[in-house]
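Just below is one structure, and these are the notes that go with it.
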């Protein structure tokens, strides 16, 4: 790990203040080797009628959590960009906090591929499952192959 | 077509006021047989540093445009839900309006599959390309097969 | 489980003899609650120059393993059809047997969503990761929700 | 275009003899600027009971057609590898030849993104629609930006 949860939270509060700033919905909950967990407290604008969290909010959360996992592994990589995100919406998200858990399934020289599952923080089955690919800028120095 | 562009705009301003309400970024530009175009005027909160439109904003716009195409073909189907969305981010979006164009590539009894390309309203190459699948509730009466 | 590994192997040898018949590359290795594992012994026609297993062979194996998991959970559902398959190719597959492991991440009334990871039977990192969606025919009687 | 249809057919007959060799199912039908069309005459082993073309055969055809489009644009790039393929199966494929049409929607320095639609050669609606991403090896000399 190049950055721990506190360092990531501080960094993200600066570069994505709308999501990770003070009073905003997203918090870095934990990071590990090639994993990251983000807690999301949906606000009014993330909800659909009936109180379920909207699809775009789940997409944004998946993308952000994957970015956290990559930052944790590589350190600040400001030019890493999402090239593909594919998400399946599996069940309605009941009101309450969500936890997004990301696992890096490939961390190569040029591409990182991440899997992100979102479920209620209170427990229960997956609300959504996403796979995202990031393009890593060529200049960096990476110690693991591919 | 069960709903034209004006009817869709009025309906969406009610059910998705944050995106389609007065003063909000999204407008139904045109609908045709199995097609829809939505214009998007990015606001401050949709931009990344440097002024490019964020990935989550493009995802949300792709999803909304697909929904417009389905509504246009089927009439109000409040229970139609996105089951999958897969998006490729192809180029940075320069400042200025975007046009999202959706084509329904399948409209079945149970599933609709949509392709959505987003490009600058001023012209130019695709900024993103998405394919989304919607689950259609079983109760409806549809005249074309599956 | 409605079918165990032996019952599945016998059923698949009949309906997909080219993949699961005697002397063919695929074998049902294990099934569990919402999981399935298939062993694949690549033949000459599945290999690329250099001896790595081809992408289409990995796609076919992912699809077959997801089908095994669905059959195991639901019993023979001859009309279940793949509606979407999205696969990431992560690393080259060295010569030798592969194991494809599937986890059902949603088993609904109308749709099943499966995740399939393929890795060398000898151990090691994922060669590919796929997510596939199946449409379940409406006539069946299913005991779990959605 | 770096290679025309005849040059591509000859090259592919060498590197993918099982698909493009004499008497095999696939033929390069046409290539244009960032487009390619491949004709596929399904053999017994590509069919499901009932005579419809199997999902894995459509996946392989989509992948091959995307590769043809990339070869046509870049010339022989033996190391270009598929990193992601996402396919929607839209309708059953009736017996008879299929045409796979590919459009390159991005040809960057490091990644190419292709869209591939397959329909009956006799005409009719899409049988499947795929989007595939290829990683382009870094050594090449490419005249259009990323």
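Each chain gets a letter, A, B, C and D, in the order it is written, and its residues are counted from 1.
Assume a contact is a pair of C-beta atoms (placed from the backbone, for glycine too) under 8 Å apart; a residue touches a chain by one contact, two chains touch by 3 or more.
Everything numeric in this text was worked out from a predicted model, so none of it was measured.
Set side by side, A-C and B-C show the greater C-beta contact count at A-C.
Interface repeat of B-D: among A-B, A-D or A-C, over half of the contact pairs recur, by residue number, only in A-C.
The distance from the centre of chain C to the centre of chain D, with each centre set as the mean of the Cα atoms, comes to 24 Å. Per-chain Cα centroids separate chain A from chain C by 28 Å. Taking each chain's centre as the average of its CA atoms, chain B and chain C sit 33 Å apart. In chain D, the residues that touch at least two other chains are 83-84, 86, 88, 133. On chain C, the positions that touch chain D within their shared complex are 15, 18, 45, 49, 55-56, 59-60, 63, 81-89.
Listing the residues of chain D that touch chain A in their complex gives 83-84, 86, 110-111, 133, 135, 138.
Listing the residues of chain D that touch chain B in their complex gives 86, 88, 90-91, 105-106, 113, 115, 117, 125-126, 129, 131, 133.
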